[in-house]
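Each in structure tokens, the structures are laid out below.
Below, chain A partners chain B and then partners chain C, in two separate complexes.
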Partner chain A sequence: MAAEATHGGSEPNHARRFATIWIVVSLIATPLVVLFVGPIMPPGNGSAQASGHVTDNTVLIGMATPVLLLVLVYLIYAIVHFRAPKGGAGAVLEGPAISGDTRIQTTWIVVTSLLVLSLAVYGTVRLVEDGAGSGQGASPAWPASGKKLPVQVIAQEWAFTYRFPTYGGVETTHLVLPVNQTIELHVTSLDVIHSFWAYQLGVKADANPNVDNVVFVKPTKLQTFEVRCAELCGIWHGYMFDHGRVVRPAVFQVWIAEQQKRFAASKKYLPPYSTKYVPEPARRGG
Partner chain B sequence: MGVLAKKLLGIGVGVVVAGVLIGLYVAGWATSFPKTVAAVSTRPVVGVSGTQLTLQTVAAIGPKYSPSNPDWVSYLVKEKGKWVHSTVFKVPANSIVHVTVLQYDGDSGLRNPFLSQVQGTLNGRETVDGKSIDAIDPEEASHTFAVPQLGVFIPLPGVPEEAKNQCEFAPCTLAQAHRTITFTFRTGKRGRYRWQCFVPCAAGWIDGNGGPMQTLGYMDGFLEVT
Partner chain C sequence: MSTAEALAPTPARRPLWRRLVGFNLLTAVIFGVAGYYIGWFIGHQIKGPSFEFQSETDENDVALMLAYLGGVIGFLVGLGFANYPISRMLGRPASLREKEHEGMGRYFGLCTDHKVVGIQYLVGIGVFFFIAGLNAMLIRTELLHPTPTTIGPNQYLSLVGMHGAMMMGMMTSGILGPFANYFVPIMIGARRMAFPRIEALTFWLLMAAGFILTSTIFFGGFPTGWTGYEPLNEQAVMGMDSYICFFALVGLSMMLLGLNMIATIVAHRAPGMTWSRLPIFVWSVLATAVLMVLSAPMLIGALLMAAFDRTINTSFFVVSSGGSPYLFENLFWFFGHPEVYILALPGFGIVLELLPVFTRKPLWGYKLAISGMLGVTLLSFFVWQHHLFVSGINATLRPFYMLSTEIISIPTGFIFLCVMGTLWKARARFTVPMLFCMGWTFNFLIGGLSGVFLSDTPSDTDTHGSFFVMAHFHYTIMGGLIFTFFAAIYYWVPKMFGLKLNERLAKVHFWSLFLAFNSTFMPLFVLGMKGMPRRVSAYNPDLQGLNVWVSISAFVIGLSMLVFIANVVYSLIIVREPAEANPWHSKSLEWQLPTPVPVNNFDQIPTIDHDPYEYGTPLPPPRGAPGAVPAGG
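This part shows the complex of A and B:
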């Protein structure tokens, strides 16, 4: 794109023009995208972890906007400035053969590497805070701080059930959590691999048999959230969904007391609470 | 057209035809559905309309109902006095559904003992051989009838191993060893609700959840609430 003589006049410095246009457009568009698209990024602000994901997505879209504009501006610029003139005046000129330009190549590699490395650092920092709503295995490397309410998520073909070890180990069919309280979820499975995905809470953790997968979440607003299985587990995988609720602490206490009463008949049959269970082979058909 | 072009055209047409045939076969299999059987109307209870479903659970469906998988466990449903091999039941919305299950299979045991408690029925109980209970021993569970979206979980106890005159293949008769379980639940708004057995009762399959547990028409189906 260096200035060249063509018939009739000198060629402008396309590189400088293009770069100028790109920088100006990026400086206008990127803040607009961050301000207006950022707040509506998924998964919403149902928990501290979900809010973190909104921030992460906003950062990503903010970084992606200039990259996208680089491609679009170049495309439009090329269409406008390098198209054949009307009336077909003169022969189609071919530019000089491109040979390696060390400066451009080096710049390209350095810039893209910096982008990727910066994202790696950013992602690591976010993970180290409290796991960012993902499972950390049985011994979390980055546990959340403060008092936590342990809740076990038990996946089986094809429903989730939940146990509350600090409330007598009561098991329930629905998940209700107190707001503004850090929850320590212990996710496991009784049969095949599943994945516990509470979308609005920004939580997704694999549920593997004989494995305790710990994930931390702090719901920050009263809400109803969706629970789905996110790992293909058989014919009813798509139906393995439910709705959970985040309620005030006092309402949670009333609810858990009701569950203890409601499921009293099964209490004597439940095994002692454990972070994982290995159902006997005798209980598998055949 | 040259010889090579003709050959290529022939191969291309052959591949397309084979692909279409395979696609039709797979689509036919994927969209096959058991017959829908409607519950029978009963007299209203406290001003609410009711229906009756009569089901049986068997240890082996038998060659009459399933030539390809005669040894699979299965549910059957009674329609106009005859046993039909289907697991899709039609019931009215916002009504009471009475269910009678004639249970002919032995016990396998529940993987999750929590599901041994009766849930979602009108009184939180079921009747087993005339006796009202709110839970069974999870070791004695043979099957369950569960509609998770309606909160209905019904454990079905098995026929003791030493019982005489056990049923070999469906349809089983009242003269053969069985347990009679009855329960009643209420339907809500219209929709399609899936139901399933939660006992890993698929003999010979890994984790007991393969085969009949993952094939519509045996150990799971739909409740069409209309």
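This part shows the complex of A and C:
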């Protein structure tokens, strides 16, 4: 940009001035954003996965800030300095006939490519740890380590129910999870596509009929969390939510025993536990 | 031509009743209604309601599909689309006699003049744009309260679906329809499009499609949103058939429009209009057209399969019979992702086309801009599975789709660099079209940067299917396409109509739209991050405050659109102040023509011997000004 900056003689060195403003503003704003906006990025520290997302979102917003400022500062700078003088109603004032600059273009391509590639590498590294809370399908490519408690999430129009295969396949209407225990959620649907979204746990997995969608989560905080459907599933989609709890392991044992007792009578009507259920043929008939 | 001239009537002299008889819009509507009922009747003969369990409700998808088919065919025949093939089959000579008609009448029927089609598109699309905008107002009214109070969940979903489908379907041709049809032939020095009848067909197909989509309200609406996901699609009532027919017709119109554009740009350029002299807008149209031709067939195919599932009991997507909803998701998004670039790319073209005019500088990095557009075109076919990041399909492919999605920001970044380079040391005049281009730069920047969060799979887990996504694509589509759509209107209306738009009202429109737009969609990022899913009529009451803010801002957008309508009515109908011949002092070819552009554009096809953007004072020939670095820098 130096070649153009010096062309014109009396004008100030725009390239240097703009670069200085941008660097100063970025150096001030980026740490502020990372320090103050980063911690309030969603979805909080309800699970190992959610804490990971907060870190990812902080990294992304930290990288986005200087880019945002580059264009914004430039726009403001251009609007202030590169405008036609007012009042010259007659002749249109022509600008300099600069039609490109190989060095700037090359630099831009190299820098944006490096930025994008590093983002992709970072995202991949974070993803392959344990799927980062996203549904991985029937045979997870990146399973979480350690002992896992399997829980099935069954979505249907318009409610979620939960089955615990290691507790005799008992089916409950609310989700209660023990803290600091890796959970292996098997998400499936009985009718249309739903999406199981436990916001505070940083978990989202589509519930497809006849598909077992596995996702791992390790709750780390005792709290109530919100479960919502995140895929349009019909008229009561907005009402398809409930609340779950993360509790101490001892409390969980008491709760699950109570559920087993409570639903013992209705259990005989349930189909045997399976990772997926083929829905009844519900043809419209035309 | 002799037969054509002999047949050519002189409409002004004939009485009104005589002019209404013939192939025109009135006939088209009558034939359309007739075709509709013929289809409806045949449908009931094929599949009587008697052996269906919904016999009481007259739920008959076969009948409705055939009715729409019959209606569209009748409409097109009534407009006169069958005349040419039939007269050719009878051995009569070829002609484009529709083109020679003069007067207002040609705007209300089949006309093969690309300038008439352009204006037809502008008005036709404009009407549907405002209907869809009104739907958005109703959606925001419902969301004033955390539980459905005003509209109810069923109608709410229909509104969401109609708003989405109408905007995504009709506005796909938002810039290509009006502005590319009107200006591409002129900009490349041609007298007409390559296929003028196909050009007219794309417009009337789109109008039929828009009407069909609107008619969904008579058949119970559809609950799926614009994506039409299976198996919800399979379960839905007859209103779903409206969606299927609508989108398939839009796909057909889009494909033909793209085909026509490619053929015109490749084959009809004036002598000397080499590829490196093509205006950047024409390049963006070419890139968009390639996307249209390659992606729309996928949509038509997917919808045909869905239609078969609903009518003749196939089971492409029916799980209990071995089908898979994943198939629909993949087919749909293989169209759907290129589709969003179909919406974005013409906007790039408009911004880069207008900037040189208003900065009085050549376009900075012409070749970089072209490679940016072509790069986006190519890459957009390799990113579609980022819509399925949490779907449970092909988890091992996610790093690839994450990479490809992030790579697409490199060519998009080229466009930003070209915008910034063109602004460098400019003598910028901030006229209304220029303001809209600046608005685009800001909006698309926010849209693009928020896309980075969505492309990153771990981060996408939080934002997928939430209001964050909704805010993101409104920033890229409304902030990208609609802002450039208005830039193009303010820039080219003096050429298209020969009339001036009121500048004061235009500035009120811009500022109210820009501020209200950001005030509407910026908080939606926050709402999404706080866990509000898309397309819900009931939400967490904690989020009501922000939702009320968003709704009120959305109503201000509505008001600002009314300012635009007021301006159109005031300037183009009431005041009718003639515009200057070349108000922006543009050097582009279209502004060198006389203002009602002659029917054949050019008496003599021009020979092009210069680059498209010869603005600016040339740099001093020896680049040895004191302190300058050697040339090549």
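One rule holds for everything that comes next: the second predicted complex is superposed on the first by the 253 of 286 C-alpha atoms of A that agree within 3 Å, B and C clash if a C-alpha of one lies under 4 Å from a C-alpha of the other, contacts with A are read in each partner's own complex, and residues count from 1 in each chain.
Assume contacts are C-beta pairs under 8 Å (C-beta built on N, C-alpha and C of every residue); 3 or more make two chains touch, one makes a residue touch a chain.
This is a predicted model, so every value here is computed, not measured.
Asks: I'd like to know which partner A:Thr173 touches here: chain B for first, chain C for second, both or neither.
Replies: So A:Thr173 only meets chain B here.
Asks: Let me test your reading of the model: by the given contact rule, A:Val192 touches which partner, first (chain B), second (chain C), both or neither?
Replies: In the superposition, A:Val192 touches chain B and chain C alike.
Asks: Going by the contact rule set out at the top, does A:Ala265 touch chain B (first), chain C (second), both, or neither?
Replies: First partner only, chain B.
Asks: Have a look at where A:Lys221 lands relative to chain B and chain C in the superposition and call it first, second, both or neither.
Replies: It touches nothing on chain B or chain C.
Asks: Mind working out whether A:Ala159 is in touch with chain B, chain C, both or neither, as first, second, both or neither?
Replies: first
Asks: Regarding the shared-chain residue A:Val71, is it in contact with chain B (first), chain C (second), both, or neither?
Replies: In the superposition, A:Val71 touches chain C alone.
Asks: Is A:Trp236 in contact with chain B, with chain C, with both, or with neither (first, second, both, neither)?
Replies: Touch partners of A:Trp236: chain B and chain C.
Asks: Just to be sure I read the superposition right, which of the two partners does A:Gln105 touch: chain B = first, chain C = second, or both, or neither?
Replies: Touch status of A:Gln105: second partner only.
Asks: Give one of first, second, both or neither to describe whether A:Pro279 is in contact with chain B, with chain C, with both, or with none.
Replies: both
Asks: Once the two complexes are aligned on chain A, which partner has more residues of chain A within touching range, chain B or chain C?
Replies: If we count touched residues of chain A for both partners, the winner is C.
Asks: Based on the A-chain superposition described above, do chain B and chain C contact any of the same residues on chain A, and if so which?
Replies: Shared contact residues on chain A: 191-192, 234-236, 239, 279-280, 282-286.
Asks: So in the complex, which bits of chain B are touching chain A?
Replies: Against chain A, chain B makes touches at 73, 108-119, 134-135, 137-138, 146, 148, 151, 153, 194, 196, 198-209, 213-216, 220.
Asks: Provide the residue numbers of chain C that touch chain A in the complex, in ascending order.
Replies: Chain C reaches chain A through residues 47, 52-54, 59-62, 148, 153-154, 157, 223-225, 227, 229-232, 234-235, 310-311, 313, 318-321, 325-326, 359-368, 388-396, 398-399, 402-403, 406-407, 409-410, 413-414, 416-417, 420-421, 423-430, 438, 441-442, 445-446, 449, 452-453, 455-462, 464-466, 529-531, 533-540, 585, 613-620, 623, 625-629, 631-633.
Asks: Give every residue of chain A touching chain B within the complex, in rising order.
Replies: 154, 156-159, 161, 171, 173, 190-192, 234-236, 239, 242, 263, 265-266, 269-271, 279-280, 282-286
Asks: Name, in rising order, each residue of chain A that touches chain C in their complex.
Replies: Per the touch definition, chain A meets chain C at residues 1-4, 6-9, 11, 14, 41-43, 49, 52-53, 56-57, 60, 63-64, 67-68, 71-72, 74-75, 78-79, 82-85, 92-105, 108-109, 112-113, 116-117, 119-120, 123-124, 126-128, 131-138, 140-142, 187, 191-193, 195, 197, 199, 202-206, 208-214, 226, 228-239, 278-286.
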